[in-house]
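What follows is a set of structures to go through.
Below, chain A partners chain B and then partners chain C, in two separate complexes.
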Partner chain A sequence: MTGYIIRRCVAAVIIAIGVAAVSYALLNFAGGSPVYAALGTHANPKAVAQWNRVHGFDKPLIVQIGNYVWNAVQLKFGYSYKQGQSVAALLDENAGRTAYLSGSALVLALIIALPLGIAQAVKRNSVSDYAATAITFTLYSMPAFFLGLILIQFFALDLHIFPPLVSSNVTSVWASFTHPAQLTLPIVTLAALTVAGFSRYMRSSALDALAQDYIRLARAKGLSERVVLARHLVRNACLPMITLVGLAIPGLLAGNIITETLYNYPGLGLLFYNALQGLDYPVLLAYTLIGGVLTVTGNLVADIAVAAADPRIRLG
Partner chain B sequence: MEGVPPFGSPNIPTTAPEGGEVALITSGWRLAAHEFFSNRLAVVGLGIIVFFIVFCFLGPIVYPTNQTLTQPLLSDMAPAAAHLLGTDDNGFDEFGRIMVGGQTALEIGFFAAFMATVIGTLYGALAGLVGGIVDAVLMRFVDILLSIPLLFIVLILATRYHATLISQSLIIGLFSWQAPSRLVRGEVLTLRVRDFVTAARIMGGTRRRLILRHLIPNALSVVIVNITFLIADSILLIAYLGFLGFGLAYPTASWGDMLGNAQDAVSSGYWWLVYPVGACLVLVVMACNLVGDALRDAFDVRLRKR
Partner chain C sequence: MSAPPATSVLEVNGLSTHINLTRSVVHAVGDVSFEIKAGETLGLVGESGCGKSMTGLSLLNLLPHGGHIVEGSIKLSGLELVGLPERKLRTIRGNEIAMIFQDSQSSLNPTMTIGRQVMEPVRLHRGVSKHEALDRALEVLELVGLPHPRERFDDFPHQLSGGLRQRVMIAIALACEPKVLVADEPTTALDVTIQAQILALLDDLEERLGMSTLLITHDMGVVAGRTDRINVMYAGRIVETATTYRLFTGMRHPYTQALLGSIPSLDQDREKALYTIPGLPPDLAPPPSGCRFAARCAYATDECREHEPPLDGAEGHLFACWHPVDGPIERLPTIVPPESVKVPIAATANGRHLLELDGVVREFPVTAGIILRRKVDSVKAVSGVTLHVDAGETFGLVGESGCGKTTLGKLIVGAELPDGGTVELEGKRVFALKGRALRRARRDLQMMFQDPYASLDPRMRVQAILREPLEIQKIGSRQEQDERITTVLREVGLPQTALERYPHEFSGGQRQRVGLARALMLDPKVIVADEPVSALDVSIRSQILNLMRRLQLERGTASVVISHDLAVVKYLSDRIGVMYLGKLVELGNGDDIYRRAAHPYTDALIKTIPVPDPAVKRADIAISGELPSPRNPPSGCRFRTRCPRAQDLCAEEEPLLRSFGPGHVAACHFPLQAPGEAAAEAVADGDPE
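Take a look at the complex of A and B:
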């Protein structure tokens, strides 16, 4: 087990470095040096060359990548000339709000999807199973912003229950927490899309578990249906979900960009969107790298958790 | 989603064949086709896709509209007899625009999915057949690309390139081949050691014959299933690009671009600019997913009814 964890961690570090290198190469390809942001779009070519030399943007790509990775390891992400702040400060300022939004959405999605999937599997092929499948299937096929717009139309413009945009007063995580109405629609939007993927998976996982011999044995020895489901089904059916939560991170990050843009909630997603509009390369690069590292970490933790939780998995 | 049971069909395996019963020998493809068409939801999904192809590509002949010249005087009109779904802020007929926008959305979706499939199949087959260190390096590169959310990659590249039908298809196609490459590699690895491949080799089958007659046709089923999901994902992805303002340049538009101003339209009460086109988008993506699910079940021998 220890050997497995060490090997997985080493692989994860290599992949993370690869993510940094590929992101840097992509950004370099798309535009690269932030020199025009620093000196203005009509900067003198001599000054541009001089600036690039001073800041190391004239070196071969492989050296630039090496420098970037080395700085990133020390959490130095460069300087956003558009916003006049260091990228690390910008990320630090917005990360909490995004973590709150994504975390709440993920928890809400799990709270809905796990019981829903199990209930669907237990009452398979009933009217309620078909109805739930139809709804989750529709959500699964829906762009996040379209769902968000429907929610805004219905709950904000027609019924006036929730505000259509997050108020600009909600600047801290604490404010988000103490003004739940402000964040209800963004969280629900992000959660609904996550539920769509989760519950489909949960249903099939529970169906697989229901067909196993240990369920038959539990019933045969006369356990009540409630105990069979709670003790034997739920715990086994939830195992594959550990992997799925790890795999959900890229979807949540992409969902953040859409949701935060739609509801004007100031988090990392909105920061990324604004950086795209202003071609603020250091910010784009930093968030892409963070997204990649989070994904790698999520998969790593999920793999180790599954190995630890499932005694059937034997590791060499 | 691996192993999701067929949408709406019984999940319990049917009874085993009775002793002495002999099944007709038909090709696997015909069996799969039969299985596919006996799934009602699959037929509905296929019907929706065919309907939208006809609607978008032949519709403008029956319902010709002006989609190139802006007409400010006709902007944002509610649905009426002259304009079945009203007009947008440029004065374009919305019903006609859904047809034209659907053409681009479908073209980009199909083209990107096709490209990703070709690249992924070749890449995965190479990794699986060569094996060893080459395989390890190739697959670690796939791991790296899979760790960067696709939307990030596509958005970053979209800042550099002027959005056209070709550039959007290329950007999406060139970065969404990781899933098919993994599938094909896995398939090649398991097929190589299967008995029928060994048998063919023992009977003197050449390497070329093994690849063309045995490996490719058997690996093809996972590729075909995946292509439908790729189409669905690509159509969703261009919708996101359009919404975030990286859509096609005027006067062309895809469904996603038409939803780019949807937020303003919703707050102004111009519902006809949001819900019809959004519904079309959701329907097509859902139909692709339905067809994909049904195809996977049809190709999956273990789920097949006898």
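Take a look at the complex of A and C:
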């Protein structure tokens, strides 16, 4: 088990380095150096060449990649000339808020999706099952910005229950936490999009488990249906969900771009959106890299969690 | 029924169960009545889909989604169970009626320790403390013969072997000492040696606990020795019920007769065909009118097709038939074709055999290590097997699961490559060839699989499935390929309309015919058939066996038949090899193996086969314990850990194959027969003289 984790971590680091190298190369082909961000779009060529030489952007691509990766390993992601701050400081400032938003949305989605999926499996092909399916599919097919706008219109502008935008007072994770009304709509938006996929998956996973002989044997023992579900179904049906949740983590980051922009919530998504508008290359690169690292980590954590939850799986 | 109610524990009257599907209603069980007396074992036999499992599930009202009892009565010690509220019923399930299922792998919760699973019903029904429940669980686990229950208590199901898991499931069922045990195919998934142990355990427990048992099975051999009475079910109806002896010797229903006639017995005449039941069981949504067996019955008349016969009779022998038969069928048409067609079995002209295996070894590595995986151990699947197959000959390979017989089959067709030794076809090491020569050689070695559903591409029509081997081998024009497909299809007894259909549109037996046709397409020299009929029902099985036997005799294709079913192997094979833990322990013709076995393992294996004859006295359990791990096989003779004759020598020195007559060799230090004249001389190969 330990050996397996070590092996997987080594692989994860190698993959992350690869992601950094490939993203750097792609952005290099797209636009090259952040010189225009630093000097302005009308800088004279001589100054540009001079700047590039000073900052190492005149070197061969392979050397630039090497430098970038080496710096990234030391958590140095360059300097955002647009924002006038180091990228590391920007990430540090925004990551916590995004983690809070994504984490809450993920937890909310699971709290809804797991019982819903099991309930749908137990009451399969009933009116309530079809109704739940209809609702989740509607949510599933809805773009984030559209759902967000509907929620803003309804709950903020019509009913005045929640604010339409996150107040600019919310500047720290702690502030997000202490102002629940401020974040309700963004969390709900993000969660609603995730619930659909999760509950569909949970439903089919629970259906598989319900068809197993051990459920029949549990009933043959004389256990009540509630005990059969709680003791014999839930754990087995949730096993495949672990992998799905692990893979969904980087997806939340992508969903954040739209949600954070829509509600003007200062997190990584909004940072990325602004960087995209201003061609702020170091920030774009760092965000891409975070996505890659989260994907690798999500996978790794899911595999280890499955092994911990399922006695049949021995990693080795 | 006639017996006084005081003695019957379970009385079922006019039970009908339906299953609602989306578009139809399956009449799974129709008007079934029976009773089980205290301490009695009632057998419920029939083919898949006949409603026997649904009858068992109805007793506990554990029917699948959409299933419900439409009418009838189920009385447990006088208490009516039909219509009883679910809450009351739950106090009876697992407490007074318990059930065990076929597949212990899927019937135990994989994420819960076996100890907790056994404790569960005790806690529920006895209302005892955790501590008392634990004691009781240990007690029943001990009772069912789980070795070291205290140490095993916190094991998860996957850490136990199939036989031990089945014992755990029995322990769960018996934890509350039920009055009635419903055992649904309790040993079908197990090896014969383990099956014998589990059946003996059930017998013993019934006697000790005074429990009544409903034994549901498709295997006439299993019910023959273990039941007092037998109900035969067909298409949702009980068609015959009698005492076990009476049913086997004086059956009156043609279905019972046909069912028993279609099982190959160990003394089956290989020159005779097996009895077959034509067609398939009827669709029960809704069932046909008249006698449900009429469409497949040799004696059926218009009366049978119009009016359903009542279950009637005397002295506890009831049957539902207008034209009853009297006792077992007199045997059967000969299968041997005229001499002109029959291909002689012979070594090839230069004195070599068609297929020769010499000291074949296959080991699967077990690796460990953090970054660099190094080999730390290996699973010794096949450890030095030497045998040959001649042209026109059928070689049978038997042994328990895990003995390496399937791996050996794969080695023959080149699906695995040996780590040592050689596989030669007509003197050539086929799989040492490369490129085109290898592709050409593969034509001669084809395989037929156990599960035709899994081995046929579900998205290819039969025509494409059969054409593919020809296309890969670039044989013939399209028209010639079509002709070849038509010919082979006719040979395996499928209609031309089959060509346009997909595998799922066929019944199990027809699919296996497609599998056989595919193996025959390239006109191979050797066919390896791995468990060719294990997935099939008895009546379908005999159709396929007859077909294989006929093709063997007509085409003269050599074949290797791998099966755990010794009767099947004996019927199909000219010579038989018995494998144990990667080694060939005995080799000889059918009579050598079945009548003059020299190796104690062969002898034990044959004694444990359930014989469909109630007059045959059950031997005591001939082999105790389970197959040792192939990672660390025992030193010396690998069978010694389970052998009643083992002595010190067996652990020290590996026995070599010795001759016990022409073509009969066995590897044992203390054989059951005196070795032949070449006693001490090691014989590497068993040439029939």
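Everything below uses one rule, namely that the second predicted complex is superposed on the first by the 312 of 316 C-alpha atoms of A that agree within 3 Å, B and C clash if a C-alpha of one lies under 4 Å from a C-alpha of the other, contacts with A are read in each partner's own complex, and residues count from 1 in each chain.
Here is the rule we go by: a contact is a pair of C-beta atoms (placed from the backbone, for glycine too) under 8 Å apart; a residue touches a chain by one contact, two chains touch by 3 or more.
From a predicted model like this one, the values you see are computed outputs, not experimental measurements.
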{"item": "Residues of chain A touched, compared between chain B and chain C (which is higher)", "value": "B"}
{"item": "Partner chain(s) touched by A:Phe145 [first = chain B, second = chain C, both, neither]", "value": "first"}
{"item": "Which superposed partner A:Trp174 touches (first chain B, second chain C, both, neither)", "value": "neither"}
{"item": "Contacts of A:Arg235 with chain B and chain C, given as first, second, both or neither", "value": "second"}
{"item": "Partner chain in contact with A:Leu279 - chain B first, chain C second, else both or neither", "value": "first"}
{"item": "Touched partner set for A:Gly292, first chain B, second chain C, both or neither", "value": "first"}
{"item": "Touching partner for A:Phe154 - first (chain B), second (chain C), both, neither", "value": "neither"}
{"item": "First (chain B), second (chain C), both or neither touched by A:Trp70", "value": "neither"}
{"item": "Touching partner for A:Ala30 - first (chain B), second (chain C), both, neither", "value": "first"}
{"item": "On chain A, positions contacted by chain B and by chain C", "value": "124"}
{"item": "Complex interface listing, chain A residues touching chain C", "value": "2-3, 6-7, 10, 124, 212-214, 216-224, 231-232, 235-236, 239, 309-312, 316"}
{"item": "Residues of chain C defined as touching chain A within the complex", "value": "60, 62, 65, 90-95, 98-99, 101, 103, 106-112, 120-121, 124-125, 156, 158, 169, 172, 368-371"}
{"item": "Residue ranges of chain B touching chain A (in the complex, touch as defined)", "value": "1, 3-5, 7-8, 10-11, 140-141, 143-153, 155-157, 159-160, 232, 236, 239-240, 243-246, 256, 259, 262-263, 266-267, 271, 274, 278, 281-282, 285-286, 289-290"}
{"item": "Of chain A, residues touching chain B in the complex", "value": "11, 14-16, 18-19, 22-23, 26-27, 29-31, 124-125, 130, 133, 137-138, 140-146, 149, 152-153, 157, 164, 197, 200-201, 203-204, 207-208, 250-251, 253-254, 257-258, 261-262, 272-273, 276-277, 279, 284, 287-288, 291-292, 295-296, 299"}
